[in-house]
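Shared between the two complexes below is chain A, which has chain B as its partner in the first and chain C in the second.
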Partner chain A sequence: MAGREFKLVFAGSMGAGKTTAIAAISEIPPIRTDVHNTDVRSHSKATTTTAMDYGEVTLDSGDKLRLYGTPGQTRFDFMWRILAKGAIGVVLLVDNSRPDPLSDVHAYLDAFRETVSSSRAVIGIGRTETHPEPGLDAYYALADEYGISVPIVSVDVRRREDVLLLLNVLFSQIEASLETEEQGAMA
Partner chain B sequence: MEVARADPSMLAVSCQRTVTTIGLPARKEQLIRSMLLAVNARTTDRWTFADGLEADVAICDVDSRLAAVAVARQERDGRPHCVWLAGDTAEAPIGPRLEDPIGSSSLIALLESVSTTLRRRPAPAATSAPVAPPVVAADAGVGGRTALDVALMLRDLLLHGSSDTFQITAGALQLRVVPSRRAVRASQPLTDDYLARLLDPAANGGRIERLAEPDRALTLLHAPSDVETLWRAGLVAGGDALAAPLHADAPIGLARWPDFGRLPHAPAHVQMAARLSRRPHRVEELVTAVGRPAREVRAFVNACVLCGLVSPQLAASREPRPTATAAATARPAYIGMGILRSIRTALGLGGL
Partner chain C sequence: MTTVSDEATQTSADLCQACIAALIGSQAGITGALVSTVDGFAVAAQVRPPVSGDRLAAMTSSLVALVDAVSQDGGIGEGRDIVVDATAGRLLLMDVPQAGSKLILAVLCDPSATPGQVLWAARRCREHLSDRLPAPGVQELVHER
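Let's look at the complex of A and B:
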């Protein structure tokens, strides 16, 4: 009998580290769909993901955790919503060295509002050591504008322990949410 | 023949100044970088490009959200000097403008204008805050103070924003802070043992002294961040009681998560943060929820207090935040504790 499948989404702008983060935890070499980057004015990468990154983790029950990285360009935002449907949660990665990272987050909070509002998201801010502004307070202020509570953490997804930290924070939130519901049901 | 006396302001020495951009497309930022190299021979001061909001001038995109951060900093600190890059049809907020497309003459005019403004600005006062920071007098003695009290004094000093240098001394151990720069310098790496000895009132006399020679702040080798210093101080010093104004019977909540990417932490800290950010908990509830000793829970809460993460509004009992009810309806039905436990095991994340 086929095992169950679960989905985890990694979102963020081009160069934010989605592919790197998936590679850090996937048990298979991630499948990447790269083409030549035609938008070098806004980013200097030679290639960029125009479809999705994919990785997977096999659970002890034989079930699969499928890892999806969204394309970074906003013209693919319709795919972000599709991928978010039924996902356990979303890891939103931000490149703090971009010209306007707060606007990047603004776009993703719009696209993943339901997921973020239901405590199934975490935001990881990268490159804060070389680009300390905007600070985490600015991102929290943006989340406050949306009326949502979301954990925001400085990370370097080239380090596997930082990717695991993001997932630990994400799962801890979901677990706390389940605990609250159980307590409510017992009351 | 009378010798003409030059206006002293015209004899000002050329200063090094910096320009940054906020929210501009990469090609416009590159254009400004190139133009600075070209116009420097025609400006009073020497201008270079720098990243970050510490620059003298920030050329901002009118649609950039980060620009609001720069403006707030200008209002608070007097810099950067924010200028809006505006095209013919763009509506810029009130304030200096630089027309787009950018011409060298308009850029030179802007830079000269800022140079003049900065030269006319009086030197910043040593501090605009009240002169008396919460420093214990040298002869006040230990007087029942605890390590947590000393940590709270350190926190209050940093909030006070004085430009003086203050020092905690415990034997050969020293910690210096310059509150106005949020700078911390330590004589040793910031370990738990170092902080425990440094914060012990029996060792430091329960006091923080103001140094007469401020430049000594730069001579200690180690430079931890102010946030990490306060965080570690809370964990090390704060297990016996809760920091005022919290008390054991009052629910406590978090307005912000600790930045676990930068702060040392235990697995239980993430669990506690997840619960406290959802709804307020009493210490006793948190002990039960995470299965850790009360002392460890209090230390975590105190570390959060010292770092300004506890919200006074959340310290009162109230309804759970909107995320709680949204979670129940929006989450896929198949997500349960069992699945999460299985995923944690597969990733080597450790259990609940």
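Let's look at the complex of A and C:
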């Protein structure tokens, strides 16, 4: 089972930490496409990703993960669809300090519905220390509305161990999903 | 495009609009043109339906950023002009340098366009804009709509 390669996508709103998360764990210098952010009224960040981030990490199992980060803004939704092709799982990052983070999640659950609906996803909620509301229960309720069952965890994407934990959780989901698919095929 | 309320922005957006109108009128086969910010906002657009200026602005931003990343990763410096040679025409993308940043000029052509002449006209448009757009440019002001 060792030596497999998987494509994972990091999605979420602008400023949720996709670029930071990939940089925290990538074994190679991450490829970035961030440019000057002119829309400071929407977000105070100096730069923003306009195409994708890319990094790689090898798990203890020997599996190699190719990590793709999406631009956050909906005007780049064409990139979401491009990057979602062939992805085996999605890490959806949420910035809990945003005005309506639950609403943010809707767009990404819709865009990555195919992957998310087969439970090959994990939702990471950031900045919960300073912005504890909405709580995880609210996100689980939202997932219920969508009829999906995915892990939802608090995460600090600046911490490598947090991001790796997120990926371990996601991989448990993926393994379970693949086993379910195999059992379905054999039935 | 949405009306730009700020006078300085209006002047910059008008300048871009006039420049791309002149570009389109200067060469047969140019079907549309767009000036946008590096992060994907249209400053001025003249495109034919069903092409959307806002959508083209976002896509050109991604494309230019990717070409920059590939160029730097490939050790050939920063990306400059991009030509997309498609089955029913061409798309030309080029930087419009500004103090501390840049805008992007996109030109759409049908097969009747002569690539060299379009490139020459687009470069003149770029120089015209670079010389006349006020620093720090329209990037921030464009959001004061």
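Just so it is clear, the second predicted complex is superposed on the first by the 162 of 187 C-alpha atoms of A that agree within 3 Å, B and C clash if a C-alpha of one lies under 4 Å from a C-alpha of the other, contacts with A are read in each partner's own complex, and residues count from 1 in each chain.
By definition in this document, a contact is a pair of C-beta atoms (placed from the backbone, for glycine too) under 8 Å apart; a residue touches a chain by one contact, two chains touch by 3 or more.
Since the model is a prediction, treat every value here as computed from it, not as a measurement.
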With the two complexes superposed on chain A, say which partner A:Val169 touches: chain B (first), chain C (second), both, or neither.
first
After the superposition on A, what does A:Arg32 contact: first (chain B), second (chain C), both or neither?
second
In the overlaid three-chain picture, which partner chain does A:Ile152 touch, first (chain B) or second (chain C), both, or neither?
first
So, does A:Phe6 touch the first partner chain B, the second partner chain C, both, or neither?
first
If you count the residues of chain A that each partner touches, which comes out higher, chain B or chain C?
B
First (chain B), second (chain C), both or neither touched by A:Pro101
first
Both chain B and chain C touch chain A at residues 41
Sort out for me which residues of chain C touch chain A in the complex.
37-41, 54-55, 57-59, 61-66, 68-69, 73, 100-101, 139-140, 142-143
Residue numbers on chain A that touch chain B, as the complex places them
4, 6, 25, 41-43, 57-61, 63, 65, 86-88, 99-103, 106, 114-115, 117-120, 124-125, 131-134, 136-138, 140, 142, 147-149, 151-156, 162, 164-165, 167-169, 171-181
For the complex, give me every residue of chain A touching chain C.
31-41, 48-52, 71, 73, 75-76, 78-79
The chain B residues in contact with chain A across the complex are 21-27, 29, 51-53, 61, 63-66, 69, 256-257, 259-262, 267, 270-271, 273-275, 277-279, 289, 320-324, 326-332, 334-337, 339-340, 342-350, 352
